[in-house]
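Letters are used for the chains, namely A, B, C, D, E and F, taken in the order the chains are written, and counting of residues starts over at 1 for each.
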């Protein structure tokens, strides 16, 4: 093992340990202020980043990028001119941040370990390979910072930095398509930046502050513009429909990038922001966000049904679940918040696991499309096992995602009394979760479809690939154990069925299988080969359009509603 | 101990091995209200794996022989094969034609032969009832189909596909 | 029943000029084994809504002759041609064997060299 | 104790119900029909048949389907959380779908596919139904729902929506496209035989119990109403089964989802205003 | 659909159309074309029936101990295979002495089992016939 | 991207088929793109046997076994062809009796097809209902001919049995009953919501395609093509007994069902006319001589035009018997109709063609 690898692994371990330590050590919120030097530094950095964006826009002649960079500069200038008077601490670590640390460092760390081997098999120069790993670490740092900050200005900077990271990483391969998608990600994410700046301006104008906690505690139900703009920023980062394209485009990047940026961690900024903001939401905002969130959940799952590129399916299902997380956060009952957190954690683990498998499929089997993966059982039972666990953990009990969905229904059901419009959220949720199940099983069954005769093609998979997967698996198990401890479901409800479902069939199997004879499948008495292929669902373009229009409409309603 | 239930729940599979449809529609008629085979617990499953009684009509054309054997082996033991109609018993009017093989029992062991052209639904019921008794006595031993293709043209020393067709009464006829 | 003699060479033109798809109904192609290894091939048509108007085009062929296909004029003739191939062992343009007969069946059962 | 016995005998009761239904169906079709105990004869016979397996996963998944379904029924009888019961039921369906996909048989695959699509149609309705009960009784617990007043009238539209689900689950016309004997020879069950088919066969009986137990929830603590509901629905179901053809999957989804969601939504909206 | 619903409902209370067949036997019409029966005494051994029979379900085969009928000069024995017969009645129409030597009864044939060797035994007869 | 189509086979053994035939549908999801069929499972070699194994006067019984469903049409066509060659003139009464049985056969065959179509559409109750009512027709057929399916009623020179007055009475009774029931089916086929989803607009054949693919029988008449051999022949007096051609426009399954229902009504009327106005006379004229020359005879079987070509050479053995059967000519049209339909509709579409492969492959 090379020194670099060792040090990377050690570093990841340290990070993980720290984040774990954080959860146990500091129970209470931790606050801190940064010296003024830093603030000046941040302003400088902001300027540099925005200029860089502008430069890139000019370089690649991309009008949106230029436009948004300019708009941001203008707005940022405006922010600089205003000087708020109410101050608070710059750094604030609360429980939610602690959970986010865990996700970012442990899951992100594992993905970096995976990336070590992945990037080795690419054809880049050594420097570029190393800088790739470095970029990932840089990104972890930004993420850690972003969940700790309480200052919206700093938040803006970090937000822009994540945009920068994704821009660089998506364009990492340097080909035509990567460049195009990177620019797309860039301009879309800049909309988020614009939204944050707007939020800043309104916040300063109305509440005279740039701090989250002050803003939230002081906000009046009648003047929620800053909150709404922050929410919009969250939607952009969460790649909610209609902003989903940048995340889907991001799939051209090396798989660890997809995993770390676009599924497991970065997009989690969106629900995180929501979690921060929910106390300030009025009934209207919370309802609208919930509706938009569940709508996104529903429609992204629907759209995913028509896809056959494995990573794209994963991406869309991420978008869907992010929608759900944001909706849950917006509801804001304790139950919903728990559900949201559980979902964040489990989703990160499961998606990371799945993305790692996507990477393995790509590297070891040269597969990208789900249509081609049939009979994988014979070639690598381990990968299939991981994929199945990954999907199962997103749908089935006893895994957290299931529990979260379960609790989501409960909390939305509880809200209907307050506002009947939550019925729609419920319907979206119900339909969406069925679509998602459909989606997962559509892919999963493909794995099962056995090609009986190519046993010989068994493929050995590198340890670097399997160990991270095993680690994630372990995390899943720990998660299940914790949710068990917390008694989300009674033990009768969980243990008995699990035991019975697992044991009884095996018992029968062992008793009966010795006596059983093997037969071929029924084929109308014929003997020829059967050609199987997957059912696929074609979404007409106008459905996609309608969905985008509806989602955009929802956001406009959000803004306009608050304005009125 | 379960044997006695076999005869109460015969599920059938029907295959037409080249018949003229006459017997097949009579099987349908036997399922219809007037004769209602379901009284005996018969279900027409259409799936060999869930069947007990194999109803075959037709004299077995060359193209259907493999299918018969294939379906036969897919029926789990104990099973009963019923040849429905004269042409599946012995070839009937098609006996000796070049593309048929004189009855189902050239290929698989037949337990019950139902004569008639076309068999009447009553006879089908008779045959199925007879088959049920046989089913009860059967063991779960595998019964092998006799032959697959043309490999052997003789069974029990008897040639089935004769080189020259037997023409009854042709010899002294000159009109 | 009217019989019109044609030759294998001109049968396609004859039928092409004669056949109007919404006036004439194509029945089938028939083969009759004549003596001396000659095969009479018949293309049979009847007229819609007319009393008993049947027209048979027929041509005499040797078994080795290539029989032209009329499938492009009459799409439903394909299956009759395949039958002809099976039953008489002749060659019809673009028609393969095996509609009814398997490899180990009696081949060309209706051909002239029978019994 | 009674509960335990009920759980234990649930499949048997389902079997009797199934046997009875076969007689009713036969009589509706003007014929005599099989004896009442026919399902049990079938069961004994199936035990005795030679066991065939296509591949081990397939058979195990079939058994898992049965076991899960039994647990579902047990949970309903024990009065557990309704939402959880619905999810577990989903799980049991998923097992059978996986089984369907695990063999290399086209009919099995189509059947499993259709099963997935059907799930899409009825699952939202079940969830909405559970939410309806929740809004009315303040809890998802079946034991609580059963102690409360009958909720048939406040939840009448949901009850109607649920009526569209029943034929799908019990594989009855017009919504039996998942089984569709004439098209796909039984769909997912096609490759099961002997003892293994027996599990599927008994799972069918449990499906009856499941459906009717959920139906009883509408009657709350009113046993008379429960009986009446059962009789009416049973009769209605069979009448409709005998008066309709099987409709296609896309129609099924459109009709069930469209009707079900509209009804359910109206019902929930109505409830929230009360 | 309404009509079907009503029909299904009223059928519930009607006596089913089903005939409980093995228990209540169905009387066959006297014109029913059932088994071919043979009166050995009246037969004149013209073998017309054998020739007329399309599937060859009647075979007159030489036997060691022929019947006492003096018309039976070639010592033939009448053999009839109801499992081959197609019940067309052509033999009876061909017979010069219908209703005495050969007639079509309205009895339905009986089902056979493996032990009866309906096919194999007939092959033996056919071979004998061909050899003679 | 990989291939997205699936191959769905139907047959040779399949529950929706009574006969061995094999279709392979290449489908996208469940939508059919191409069809491949194998129809040769039932080939027995009857045409050859008719010229080598049987003498001309017994062939009527053999060709009846080409198919059990329109056995009567087969023996009739053959017999008429031989009668043409022999120059036998049969009595008027025999002609009427022949039509009677022909039309009875059409009624029962159409009822079978309707019931089978319903069964294939998953409407078991309707299947049972029609099959139950069909027994009324089967009963009179058995009374008239002595057998339910293979009638063996027609012989060269006439028919084998006379129609007694009791049987005539029974026929009147039962047919009246069937007529009423058939009206009920019509109501069901037009008004049942689930059946209209299954049948209306499904499996349609346009008039132009009907012409192009030479469709025949109910299949063609449902598309509006005026083709019915009963209208084009004069060996039997169809128009005298009240034959009226039935046509429809839509060309879909529903139209085919309605055509069959209309034809049932028309056939019942014909049968009633025959039974009521049966002339006196012999039923059998003894034919003389041996067939010599060529004859081509067409008849309208329940499924469409049946053609016999018979060539004799003045001996007891014929030179050629050519059987062109309805389903055989329809196969190109069938394959054309399937394309673009849902696999879920295949059994019903197939049953609505009322295919009969036992005569297709002979």
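To be clear about the criterion, contacts are C-beta pairs under 8 Å (C-beta built on N, C-alpha and C of every residue); 3 or more make two chains touch, one makes a residue touch a chain.
Only a predicted model underlies this, so the values are computations on that prediction, with no experimental measurement involved.
Peer 1: Going only through chains that touch each other, what is the minimum step count from chain C to chain F?
Peer 2: Tracing touching chains, the least step count from chain C to chain F comes to 1.
Peer 1: Suppose chain centres are the mean of their C-alpha atoms. Which chain sits farthest from chain F?
Peer 2: Max centre-to-centre separation from chain F belongs to A.
Peer 1: Mean of the CA atoms for each chain, then the mean for all of them together: which chain is nearest?
Peer 2: When every chain is reduced to its C-alpha mean, the one closest to the whole-protein mean is D.
Peer 1: What's the farthest chain from chain C if centres are computed as the mean of the Cα atoms?
Peer 2: A
Peer 1: Return the distance between the CA-based centres of chain A and chain B, expressed in whole Å.
Peer 2: 63
Peer 1: For chain B versus chain C, what separation do you get between their C-alpha means, in angstrom?
Peer 2: Averaging C-alpha atoms per chain gives centres 37 Å apart.
Peer 1: So the centre of each chain is just the mean of its C-alpha atoms; given that, what is the distance between chain B and chain E in Å?
Peer 2: 19
Peer 1: Where the centres are mean C-alpha positions, what is the separation of chain A from chain C, in Å?
Peer 2: That gives a centre separation of 69 Å.
Peer 1: Could you say which residues in chain D touch two or more other chains, in rising order?
Peer 2: Counting only residues that touch two or more other chains, chain D contributes 26, 28-33, 50-52, 106, 109, 181, 185, 190-191, 193, 242-244.
Peer 1: Where in chain B do residues touch at least two different other chains?
Peer 2: 15, 32-34, 36, 39, 45-49, 62-63, 67, 71, 74, 92-94, 96, 98-99, 117, 120, 173
Peer 1: Considering chain C alone, which of its residues make contact with at least two other chains?
Peer 2: 100-101, 105-106, 109 - these are the residues of chain C that touch more than one other chain.
Peer 1: Can you list the chain B residues touching chain A in their complex?
Peer 2: Those residues of chain B that touch chain A are 15, 47-49, 66-68, 70-71, 73-74.
Peer 1: Please give the residue numbers of chain D that touch chain E in the complex, ascending.
Peer 2: Listed in rising order, the residues of chain D that touch chain E are 24, 26-33, 238-240, 242-244.
Peer 1: Residues of chain C touching chain B in their complex?
Peer 2: Result: residues 100-102, 104-106, 109 of chain C touch chain B.
Peer 1: List the residues on chain B that touch chain D in their complex, please.
Peer 2: Residues in contact with chain D: 2-3, 5-6, 8-9, 11, 32-34, 36, 38-41, 45-47, 49-50, 52, 74, 76-78, 140.
Peer 1: Flag every residue of chain F that touches chain B in the complex, lowest number first.
Peer 2: 12-20, 40-46, 48-49, 52-53, 55, 61-62, 65-69, 71, 112, 116, 127-128, 131-132, 134-135, 138, 147-150, 290, 315-316, 356, 358
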